[in-house]
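Multiple structures follow.
Next, two complexes with chain A in common: one pairs it with chain B, the other with chain C.
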Partner chain A sequence: MMHFMSFFPYAIAAWLFVMGLYGIVTSRNFVHLIICLAVLQSSTYVVLLSIGYRWGGVPPVFAGPPVGTPAVDPIVQALMLTDIVVEATVVALLLALAVQLHKHTQKLNPDELEALEG
Partner chain B sequence: MSGTYLVPLPVVVPLSVAAILAGLNKFFPRRLADIFAMAATFATGAISLELAFLSRVQPIVYWFGGWTPRAGVALGISFAIDPIGASFAALVSLLVLAALIFSLRYFDSVGTLYHVLMLVFLGAMCGFCLTGDLFNLFVFFELMSASAFALCGYKIEEPESLQGSLNFAITNTVGAFLVLTGIALLYGRTGALNMAQIGRSLGTHADGLVITAFVFIMSGFFIKAAVFPFHFWLADAHAVAPTPVCVLFSGVMVELGLYAVIRVYWAIIDGPFASHRPDLRALLLVVGTITALLGGIMCFGQRHIKRLLAFSTVSHMGLMVIGFALLKPEALAGLALYVVGHGLVKGALFIIAGILLHRLGTVDELELHGRAKDMPISSTIFLIAGLGLAGLPPFGTFLGESQVEHSAGALGFGWVSIVFFIAALLTAGAVFRVWAHVYRGWGDVRGAEKSGSKKIHDKRETRKGQPRPFEMHFAAGVLVALAIAVGLIPGLKHEAKTAALLMQDRAAYQARVLDHAWVPVAQANEPHESEMASLARSTAAAVLAFAFGIFAVSRFWPKKSVVSRPVDVLISILRKPHSGHVGDYVAFLTFGVAAFGIVLAVLIVR
Partner chain C sequence: MNRTGRMVFFLISVAGFFAIYLWALRGLSPFGHYPGPYGDVLNKVAVYERHATDVVTAVNFDYRGFDTLGEEFILFISVIGATLLLRRQKSETEDGDQEDESPNRTAPAPSDATRALTLALIGPMVLFGLYIVCHGQLTPGGGFQGGVILATAPLLVYLAGDFESFKKITSHTLVEAAEAAGAGGYLLIGFIGMILGTFYLRNVFALGKTGEVNSSGTIAAISIATGLEVAAGFVLLLYGFLEQTLEIRLGGGKGGGKK
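And then the complex of A and B:
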């Protein structure tokens, strides 16, 4: 069971990654596509958190428990927070571009844009 | 260590000035913002150059907040500066300065936000060049990407611009997640984020996890570096981005993607991969060659000048990947010199294209036919820069190219010279063709309207009626002059080789970063190689490229004959995947990552 549980998060991460990619490749709407990118990104959250997880570990707050208590790794949590900031920036920027695109062309479907062929 | 107090400045200066300009956006008149931005960029460049000089004696390691490693364990974040990284930071600053000078007349209506984005872009790229921490590298990567996306889509009223920017942003963001996953895997194995620390903990055994992590990191950065099959976004982004932004995209940003792969490889991955170098070399040589040839062919098939130059960048990235693929100090030295020479020349070419757009309102080669006959200065600079692109001695590109070719020859890959020759023929030939069409009015373009790539609607980026853009010519002229100067600096070749040895010495890197050790810098030995052969070869290549470009506008060019039919078919087949559809691009990208992974795994495990 323990073995299964340590493998499980990575399977979830891989699934999210692949589904996000599938969504991006097949999307017919830029807003949908950008959310697929966010889905893809959430796979990195799962990877980061599961790498830092310790079975039986306490939260990484070292004021209370005695020295030597196992704790989950705070570094990956910090990395994940940075990752969230990055995602918020990029997704906001992309959505702003999509809004502008819709405003000027009334189109959001990548299939209907053909200006940059060849 | 000397110069330590300078270390954070290449990041701190541009970011602080950007913050001030952004915060006081309402109160800053445009011209004052210009001055502030240019002063900050100049200071950043000067500091980076000084750091490059200081780090020749001994690479500089700087720990933020004084979190130095204890007993060889690093917890803090470090900058680890060596001459190659610092020189790239200086090149970045120089090109940003040229772009800012060029944009003095650009974007008349906007406030200071353009300057803010440029400065953030600058600070992020400098940090990217200097950092010694893998996660920090990712953060700077994302910062530079985000500001690049915004700069690319700056003309938000144009649908093409938005589409190009979306394609760019989506593919590159997928790349960033690949990099992050790779970093997470390495952290999971080693518990470290400092590159020296990861390198030391990883040991020398290449197993599945190391291969996977390397494939993710390499693919992610290769997306930024526009290496086949990840290059599709590049032409779209360049076709629509404002011209000064193109200078930076082609001149340095793309190259920094490759720089990151090289840094990560030599600091971390070479440990486990040392015994598999021939396998990696084979894979990268193939990828580089395909990129160089595909980029060259696509470049020659363009009529939109900015797109043409963009595909030429793809081709040259292929050549640079070959320089990395050889995994030798001499080739790496050549690659570094090539990056500098190419960045300067390509920057100048984009600026001249921008002047065409400024004066004549389009960058379509066929529409411009003969319309720029009265622009002798532009014409001259464009021609000279084209020769630089072909690798004519004494340009910096020649110096780099000859080193890479020499190193390849020593390893038994003499055919690399042929790839360099074909790439020069196609990319420089295309530039000379544009020159003959646009500035000379040679050839007949009637009936050619339907040929070439699809026409992209360009909008003027400036007001009409400024006939003599002195500062634009000045920026381009200085870049070309510097590209020649780089090739003439005595002893630069030796310096580059020493710097390359430094970058590739993993044990010394770890000792300097983790153990505060002073390790003497190994000087490259001065080989007595004959330069005449490569001198003659490169001159011949440049001359032939010129002849090829002129031949392409002559009436002898087989327009409808049987000869060109297979060529036409080939180009139209190659053009198909460049559909402008981001879903297709990501599909190719997925395929590329999987292929890299499978090939590397098979080669290494076998």
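And then the complex of A and C:
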């Protein structure tokens, strides 16, 4: 069990990354593409949390347990936390771009866009 | 590039990614055996140094406060960008080339069950959001999480009523001002340290008693500023997308759009 778990979270992260990338590469719709980007980015959360995890560690919050109790890494959690909120707004920005694109060209398929137009 | 070529390029890239990823994993300690030392050091000192029992918040708004400031501005600029893109374009107010294909359709009114549940939830959500923003230094929470919870309150109003009531409770000027005040507040709290002769973003406020709400000095203050910015930012995004779907496109066919 321990042996399986020693690589399983990293395998999940790789799976999310590759599947997100596959979705982006083969996408036929910008909304789908943007959601795939969000899936891809979520792989970083899994990697960060996996690196900082410790068997039997408490959360890095010492409101209950006394200072000195073995705890998981707070730094990666802090990195991840801001990342989630920032990602949500970046996804919103990209979706706004998709809305405008559809309004101006009536297209959402990346393959149908020939060249940049002013 | 055609689709086959793209797939070949993708497969080669994935093979390269796996090679590098596996190589990188060899240098990591196995899952569940965090080697430290930085996280362990912070877990030991943060409570004494900053009087904050939630070390994650202490890291975010103090130890790496400058980095979070940068991330906060990514958020700020994303919101500004999305708002700019979603505002009523010049062409849409003037002629609006997109015909509304069924101008007489009306959205079904929300059911009584939806209305009752969402109305009952609005108060608790506001309270819960404020609680999470204010207690970030003590227990899991802080400005980022609490801000998002606060932004759900206007969304609940929209679910219970319509876009008109959403607009009524989110005065656009006020929300924009809150967004700017949140982002600027974080920036300015950093300068207080410099004015007092130390460093930018140095925790110079009274640290208070560990475990109380008014503890941890600038961490609590920055958390509140962030909460304001995140809540206002998400409300602006909601406003932009709702207006885009419900008003601008519908208004387009009528050759001018409603104000």
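List of remarks:
The definition used in the following text is that the second predicted complex is superposed on the first by the 113 of 118 C-alpha atoms of A that agree within 3 Å, B and C clash if a C-alpha of one lies under 4 Å from a C-alpha of the other, contacts with A are read in each partner's own complex, and residues count from 1 in each chain.
As a convention for this text, a contact is a pair of C-beta atoms (placed from the backbone, for glycine too) under 8 Å apart; a residue touches a chain by one contact, two chains touch by 3 or more.
Predicted model, so just to flag it, every value in this text is computed and none were measured.
By the touch criterion defined above, A:T82 reaches both chain B and chain C. With both structures placed on the common chain, the touch criterion links A:F7 to chain C but leaves chain B unconnected.
Of the two partner chains placed around the shared chain by superposition, chain C is the only one that A:F62 touches, whereas chain B remains out of contact. For chain A, the partner that touches more of its residues is C, with chain B and chain C as the two candidates.
Residue contacts after overlaying the shared chain place A:T105 against chain B, while chain C stays out of touching range.
Shared-chain residue A:N29: touches no atom of chain B or chain C. Of the two partner chains, chain C is the only one that A:Y53 touches; chain B does not reach it.
With both structures placed on the common chain, the touch criterion links A:Q41 to chain B but leaves chain C unconnected.
The residues of chain A shared by its contacts with chain B and with chain C are 17, 21, 25-26, 51, 75-76, 82-83, 86, 89-90, 93, 97, 100, 111.
Remark: chain A residues 2, 5-10, 14, 17-18, 21-22, 25-26, 50-55, 57, 59-63, 67-68, 71-78, 81-86, 88-90, 92-93, 95-97, 99-100, 103, 111 touch chain C in the complex. Within the complex formed with chain A, the chain B residues making contact are 135, 139, 142, 145-146, 149-150, 153, 156-160, 162-167, 169-170, 173-174, 176-177, 180-181, 184-185, 187-188, 193, 235-236, 239-240, 301, 453-454, 456-457, 575, 578-584, 586-587, 590. Within the complex, the chain C residues that touch chain A are 3, 6-7, 9-10, 13-14, 17-18, 21, 25, 28, 30-34, 36, 38-40, 42-44, 46-48, 53-60, 64, 68, 71-72, 74-75, 78-79, 81-82, 85-86, 89, 98, 138-140, 142, 144-145, 147-148, 211, 230, 233-234, 237, 240-241, 244. Within the complex, the chain A residues that touch chain B are 17, 21, 24-27, 30, 33-34, 37, 40-41, 43-44, 47-48, 51, 75-76, 79, 82-83, 86, 89-90, 93-94, 97-98, 100-101, 104-105, 107, 110-111, 113-118.
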